[in-house]
Structure formats: C-alpha cells, structure tokens
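Across the two complexes that follow, chain A remains constant while its partner is chain B and subsequently chain C.
And then the complex of A and B:
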C-alpha cells in the first residue's frame, strides 16, 4: 500500500516535470533545426544538430549590440539598486528616522503598479523634461538603468532589510566605540556580514532587469535596444524567422538559468515580496 | 548611535530615484488625464478639459472590450492556478524520493522572462510549425488555430499563464502546508472526520491566509500581463486577447492622443488598486478581525 502510493507520487511528479520541461526542450529543438525542416512532421527527438542559427545570431552585429546593451543595463541596474538598497536598509535599520515604516511600505507600492501605466508618462517625461541640453534620457542605457529602479529598488530594499535586521547592532556600536567612521562601519563591519544577502539581491535584480521587455520596447528605439526587444523584432507580419527567434530566446534564457541554479531557493521569497520563505 | 542626519543622507538617493521615476510619472499621468493634448493635431497645445477624457472612455468600445477580456483572462488564469497549485502542493506532501529535484524543476518557469515564455508558446502553437496543433489534428482531428479562433487564442494565453505561474502558487502553498501543526489533523482523525471534512474545516481555514496572499499577488500580476501575450498573439485575433496592458502598448501609445492615453492609464491603475482593495476588504480584513 505504502509502496504503491510512492510509485503513484513518482509517476505523477514525473508527468508534471515533463509538462514543465517540454516547452523549454522544444525551444532548443527549434533552435537547432534548419528552416526547411520546421514545416515537416515535428519529430520529438533530434536526429542532427544544425548550428547555423547560433552562428547567425552571434555574427549579427545588431544582435550583438543588443546583447551588449542588455548586459550593461542589467549589470548597471543591479549594481545601482543593490548599492542604494543596501544604504537605504542600513539607514532604515540603524537610525530612528521619522515615518520610516511608512517609507518602507511606500517603496513597494512603486513596484505594484502595472508598468504599462507608466509607459506614456515616462516616455513624455524622458523626451521633454529629463534632459540636459541636447542629452535626453530616452533611448539611452542610463535612462533604462534609472527606469528599472522603480521595479528593482523596492525589491532590493525588501530583500535586504531582513539581512540587515539580522546583523546585531552591537557590532556597529562597538566599532564606533573604537573610533571607526560611519563609512568604515558600513563597509568593513556590516557589509561583509551581509554579503550572502547582497549576492542574492544582486543576482535576482540582474535577472529581472535582463528579462524586462515592455519598458525597454517603448523607451528605446535604436541605441539602447535590449535583447528582449530584439526578439520581438523577429516577429513580423511578413514572416518570422522561427529558428533565429528560438535561438535569441535561448540566448536570453541562458543567463537566467545560471542565476536560477545559484539562487533557486530565494526566487519564491523574492516573487512574493518576502511573504514566503522558499 | 550617530546622528539621524547621516541616516537621511543614506536614504536620500533611494528617495530621489523613486521620486523621479515613480512619483513624478504618476502625478504627471494623473494631471495629463484631465487635459487634451495631441502634439500632432491642428491645435497642439495642452488644454484643460475636465473629465472629458474619462467620459469618452465609458463609451470607448475598444477599451471596454479590452477590460472585459482582461477580467475574463485574470479570472480563469488565477482560478486554475490556485486549484492546480493546491493539488500539486498536496501531492508534494507525500513521501517519495527525489523531492528536491522535482521541486527545482517546478520552480524553473518562474525565472523565465515573460517574453521568452510567449516566444516558446508561439513556437509550439503557431499553425503549420507548432507541435500542439499538429498532434491535435492528427489524434483528434481538431484544428487549433490561434491566428483565427478567438476562443483558441484566449485559451492558449490562459494555459501559457498557468504553465508560467502555477509553480509560484504551489511553492507558496507547500510552505504553508509544511508549517501547519499536526495536532488538529490527528484530533480530527481520532474524532472520525473524513477527508472532505478535514479539508473544509481544518486545512482550508488554516492555510487560507497563504491562499489569499497568493491570490493577491497573482491577481496583481495577471492584471498587468503584457509581454507574453504581445509575443504570442499580439492581442489578436481581432481584439480577443488585447488585455489592458497590450491595449495601452498597441493602441493607446502609438496614437499621439496623450491626454486620452493618460486617462486610460489612470483607469487601469485605478482598477488594479480597486480589485486588490476589494479582495483585501472582502476577504482578508474580516478574517483578521475575527482572529
């Protein structure tokens, strides 16, 4: 009886896993097939590998530019929000600031609003007001880095706060007693202890920025286009290059999978605003 | 402890960034919603026109249909995810080998970019190259065409969302189920309660806070679904899957009628808040009062 239910559970979970994994597997299959084979009978298993799509994507200068942009924007944004979030959390946990709990809650409301709502105002603000002389934030990497702060900075603050709360304040006090400056306390006492939490925050915010599409699609048009927007450019009414589209998808997916393998346990906590420990 | 000045100094960059890219756009869009402004029209100046934009909105067929399909999509997707997620979480509570691996695999879709999910499902469901229409036709003689059938396109977007986000519900509920104390269940079994009674009278009330929190998060996310649908169907066929975010991106944004576009944005934001507020007031608040 007991054994039977174990087998049943196993079969059930293998089926669930196949349903989860098949679409990802299929993406890979399409990416290594020549275009002519796509329209024949779909084979479940691969007979041969066709790497031309990968070569095409890697040798395409525009797409390489997009990849580079994605890399700069997501790295820049992850570094910025983690730094600002860390400092903000240090202030929130170490100082007796008036209304700090309200400020803490207010940060998350920035993330709750649908991004589509902000397309129009951000576009208009960035074209006409957020500019210095001829330099406007529209279609720049720095512009995207700053815009992504509304999504990622609240996240960084909410994930870093428990970490900083967990570091005993006596340590700071002791360091101050020894005559250390505030900067020394932050960088040499608190930061090393917070490193694991900082690493998780850095990686997750990096992936969120890397994955973003909607804002990148409206706030860039040529210079700062990212890989996700490049993907949608391959879907046109006149005909889609399916193989290339699948290959770009694979390229977009790989960094996310790497981060996934490193911080898998923290993803659920991150996506539920810390309501659930993964 | 050092002076509070330093605390504010450390917090300031965060507040400044969120002010310029969160608060200002919000105030700006609300302000614009009460104005008429089309920079490429005959009269390109910004004119205050009261609630005129909102009055137009009520009679805008495109907006209303978008609102309708969004609510339908959200309802079907979130309901399916919660039921399926609960079943999966319960199935996970039994003992079987390789739990950690299955859990890892199940978490995988959560890290994927919505637009990649859209692209994957596009590759699987597009007629002529997709594997799903191919086998549906071969085995059941059913012609799945998301480019022509509104129902098919709608259903596939729901299935896609279920594939992408059910794991979040499952993992949240696993966390809730694991933390339940065993005593009430043992007591109920001693008292001779059957499985259904245990579910309705013990399990459900005990994990309802977790379920509500998940519904809340999923609802918020489902209402703003854009990327994956944009990729999969582009909002079509017709306007069958033109959910509010897609509507703003494809219809409102490209037109340069900025005042009216702002009104649409404000209403979408307002609706998101109202739906979440109703859920909070109707479900979460009374429960807290009781407790």
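And then the complex of A and C:
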C-alpha cells in the first residue's frame, strides 16, 4: 500500500515536472537550431548543436549592453528596496508610530494595482517633470531602478515584516542595555537575525526586476533597454528571428535559475522564521 | 557602585496612569527586591530605572545624577531579562563580551574579563557554544555573565528565575546572593515570589497597583506589616485574617462575625471597633487546651504539618512542627500567642497593633 502510493506520487511528480519543463526544453531546442530547420517537422530529441545563435548574441554589442543594463537595474533595485524595506520594517515593528497599520496597508495597496496603471503618469512625469536641465529620468538605469521601487518596495516591506516581528524586542533592549547605539542594535543584533528573510527578499525583488517587461519597454528607448525588452526587437516587420530570441530567452532564464538555487534553502527558512521563533 | 533614588515617580501610558508617585531610596551596595502581584508595576519601575521606559513625572537619580533624560547607554547599569535575551547568533563568549565590545575595549581585555566572568559563573567549558545548546540554568548564568562583565554601577534583574524549575531556582537564588556578596554592587531585583524576596533582599519594596505599600527589611515586613495587604502578601502560608469586632468587658478581646472569641494583646482599639484579626499559621500551636476547632484537612509535608480547621464559618490554618494524629472531623485546640497577633482597622486596612 505504502510502496504503491510512493510510486504513484513519483510518477505524478515526474509527469508534472515534464509538463512544466517542456516549454523550457523546447526553448533550448529552438535556440540550438539553424533557422532553416525550425519549420521542418519537429524532432523531440536534439540531433546536432548549432551554436551560432549563442555566438551572435554574445558578440552583439547591443545585446551585451542590454544584459549589462538588466544586471545593473535588477541588482541596484533589489539592494535599494531591500535596504529601504528593512529599515521601514524596523521602524514599523520597533517604534510606536501612530497609525502604523494604516501605513503598512497603504504601502501594500501600491503593489496590488496593476503595473499598467502607473505607465502613463510615469511616462509623462519622466519626460517632462523629473528632469534637471537636459537630464531626464527617461531611458536611464537610475530611472528604472526608481520606478521598480513602486512595485518592489511594498513587496519587500511585506515579506520582511514577519521576519522582523519574529525577532524578540527583548534582544534590542538587551543590546541597548549593553551600551549599543541604535545602529549597533541593527548591525549587531537585528540584521544578523533577519538574514534569511533579507536573502529571500533580495532574491524575489531581484527576479521581479529582472523579468519586468512592460515598464522597461515604455520608459526606455536605447540606453537603458533591458534584456526582456531586447527580446521584442527581434520581432520585426521583415520577420522574426526565432533562434536569436530563443537564445536571449535562455540567457534571461539562467540568472534567475542560479539565484533561485542559491537561496532555495533560505526561502524555506525565511518563510518559517517567524513561526519557529520561541 | 552607586545609590539609586526614586522620587515621586509617575508613569502614564497616554491617559492611563499606572504608577502613582513612587518613592524608594536604595543605598550603595544594597540588595533591594521589588515585589508585588502581577500588574502592580514592578517591571515598569525597573525599566524606568534602566532607561527603557520614559519617566512621566518625578525623578530617578543614580549616583547623585538625575538620569531622566539619559539613555540606557549612559546610565552604566546592566540588566538581566526574564527571557535572558541572549543573542542567539553569538557564542556564549561573544554574548558575555558584547557590552565590552560596545564599549570598544581592546581584544585582550575583553578576553581576560570574559574568562574571569566565565570562571566565576562556571561557564568556561561552554564559551564556544551557542545559547540554544545550553540548559535553562546555564542560559541564566550567561545572562548574568553579560551583566557583570562590565562592572556596572547597578544591576537590574527582572524575574530572572521564573523560567527555572523549583530546585534550580533555589540554587540560582544562592548563586545570585553569593555574587552580590562578592561584587557588592547595588542590585534592584524584581519578583512576584515573596519567598525569593524574603530570602534574598536587604530591603523589600512591596508594591500594589502602582503604589508602594511598605518598604523594610524582610523581618521587619514579616513582624510589622503596615496593612492587610502586606500582612497577607509576606509570609507563606499566608496570614489568617478573621473579620470581627473588639469587645471590652473588663479586658479587651476579639469576637469574630461568626462568634469566635480570640485573645488580644494590649491595644488602643476601642470597644466595638470593626477590625481584621491577623495571625500567622506558624504562630498557632495545637494542643488540648485553646480554642476548639474542627479539623477540615491536614497536609503533612514531612518537616511540618498544615492543619485547616473550622469554627462556625471561620476557617483558620495552622502550621506545626509535630506530626498530628487528628483526622478530618476531629476537634483540636488552637493555641494563639497574643503577642503574635496583628490587628488591622477594617475600614482603612491599616495596622492598629
């Protein structure tokens, strides 16, 4: 009985994994085929590797620029929102702020709105108002980093709050008694204990910024274009370069996979942190 | 080392006042215990001395300096929390050394002092362990190590033993007392356990509902409770109280509402005055003479026996060293020494004798 159910669940999960992973596999298959082979009868298994798409992408200066932009924007944004979110949660959990539950909820509502809502106002503001002389935030990396705060900061506050709530305030007080300043309390006690939660927040916000398409597509032209928006440039009026697109997609996937596998165990630790704390 | 002087201290949370003008003087090197029932404001007072809680009104002086606006860091005091509040991500050694690290002492000095504190508290073996791998008593000692390592002017303890089992509590009680004799630092110690208060304190402050009820040495509080509350709170098992009146018929004596006649010492109480008659169980003897009482329950503990007995609706308990053969339902004589009787006014609950 027991053995049978183990087998059943094994088969079930293998099937589920195959179904979910198949598109990714197919993406890979497309990326290593020459364009002429794409529309022939599909083969399920690879017979040969065609690396030209990869070479094309890697030697393309524009695409390399996009990749760099994506990296800077998502890392910059993740660091910024995690830092700000951490400090906000510290204040929310440690100080007697009037109406702090309302502040918390209000922050979350920003995340609930569909991103498209922010599109038009942000575009107009960035082109006409957020400018100093000739410098405007439109089509800059810093501009994107700031824009992503709209969605990522609420998210960071939301994920970090249980973590900080779970760290007993007695520890803060003990540290104050031991002669620590507020900053020392944070750096010596609160932050080290919040590390799993911080890691999870960093990662999830990073992945969000890395994958974001809509805002990046509208608020950048050339200088700050990211990899996801770069993808769409391969759909042109003269045809679609499927192979190159697939290759770029693979490149978009890889960092997310790496980040996920690195912090996978922190996710579990982070999500249960508040609960297991005595 | 320093004395602590608490003057007319008031604490308000918004419009809610929880401390109503508290005055306590603590001499240099004294072991003072704040005791009282749950919610009476012991922790709040301690945290005001620590600087973790703002003082709404009045002043607190440490070593002659008013510290109302001084943050904890500047008060040179150490505190042991009920939860111990050990830093879970630091080793025992780093926990104990943390105050010195915050004071930016040189590494060598930190190591020396941590070593010495660990030695005093018998923690040398555990310096590299993390708090989660320690027993309750060991954690308790680490928390004390963290407090003594900096040689502060004053130690504050907030119910440090309440998470330990009964036996360990007795051991730690002795250890804390020993530590005090060794370091001679002023200690303010909070507990709701009157036995802890009696055994450890040089001076006890009994609190109720944000007010001080009485301050004195343990024996002073035991012998001369100023009111019904202190009489009932100090001493275990607690004092018997019987409601009744004074009768003056050629010599005063006490008559309970149930008609029980009890002896009195010399008193200024007047005929007909409504009073509460207080007598401690250990000041009642059992014999063939005395007031006739019917035994309800006997509780032998080996070293002594507690006897609950009834006369009418008055229930009185006595504690005697002898083994008692009386069984429930039997009649025994309760012998009360008038010199040990406490008398309180029924209205004001204040002491008469």
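Basically, the second predicted complex is superposed on the first by the 247 of 278 C-alpha atoms of A that agree within 3 Å, B and C clash if a C-alpha of one lies under 4 Å from a C-alpha of the other, contacts with A are read in each partner's own complex, and residues count from 1 in each chain.
Going forward, contacts are C-beta pairs under 8 Å (C-beta built on N, C-alpha and C of every residue); 3 or more make two chains touch, one makes a residue touch a chain.
The structure displayed is predicted, hence computed values, not measured ones.
**Q** Superpose on chain A as described above, then tell me if chain B and chain C fit or clash.
**A** When both complexes are placed onto chain A, chain B and chain C end up side by side without any clash.
**Q** Can A:170 be said to touch chain B (first), chain C (second), both, or neither?
**A** second
**Q** Which touches a greater number of chain A residues, chain B or chain C?
**A** The partner that reaches more residues of chain A in the superposed model: B.
**Q** Rounded to the nearest 10 degrees, how wide is the angle at the Cα centre of chain A between the Cα centres of chain B and chain C?
**A** 100
**Q** With both complexes superposed on chain A, which partner does A:103 reach: first (chain B), second (chain C), both or neither?
**A** So A:103 only meets chain B here.
**Q** Thinking of the overlay built on chain A, is A:189 touched by chain B (first), by chain C (second), by both, or by neither?
**A** It touches chain C, and chain B stays clear.
**Q** Looking at the overlay, what does A:74 touch: chain B (first), chain C (second), both, or neither?
**A** After superposition on chain A, A:74 lies in contact with neither partner.
**Q** Mind working out whether A:220 is in touch with chain B, chain C, both or neither, as first, second, both or neither?
**A** Touch status of A:220: no partner.
**Q** For A:159, decide between first (touching chain B), second (touching chain C), both and neither.
**A** A:159: touches no partner chain.
**Q** State whether A:180 touches chain B only (first), chain C only (second), both chains, or neither.
**A** The answer is second: A:180 touches chain C but not chain B.
**Q** Superposed on chain A, how close does chain B come to chain C by Cα atoms? Whole Å, please.
**A** 5
**Q** Quick check on the output: what are the common chain A residues between the chain B footprint and the chain C footprint?
**A** Shared contact residues on chain A (touching chain B in one complex, chain C in the other): 173, 176.
**Q** Tell me, which parts of chain B touch chain A in their complex?
**A** That would be residues 1-2, 4, 6-11, 13-15, 17-18, 20-22, 24-26, 28-29, 32, 88, 91-92, 94-98, 102, 104-116, 119-124, 128-129, 131, 134, 163, 167-168, 171-172, 175-176, 210, 213-214, 217, 220, 223-224, 226-227, 230-231, 234, 244-245, 248-249, 252-253, 258, 261-262, 265-266, 268-269, 272, 276 of chain B.
**Q** Which residues, counting only chain A, touch chain B once they are in their complex?
**A** Interface residues on chain A, with respect to chain B: 5-6, 9-10, 12-13, 16-17, 19-21, 23-24, 26-27, 30, 38-39, 41-42, 84-85, 87-88, 90-92, 94-97, 103, 107, 110, 112-125, 130, 146-147, 149-150, 153-154, 157, 173, 176, 182, 207, 210-214, 217-218, 228, 231-232, 235, 242, 245-246, 249, 252-253, 256-257, 259-260, 264, 267-268, 271-273, 275-278.
**Q** List the residues on chain C that touch chain A in their complex, please.
**A** Touching chain A from chain C are residues 50-52, 71-73, 77-79, 81, 83, 85-89, 98-99, 102-103, 146, 150.
**Q** So in the complex, the part of chain A that touches chain C is made up of which residues?
**A** The touching residues are 168, 170-171, 173-181, 184, 188-189, 192-193.
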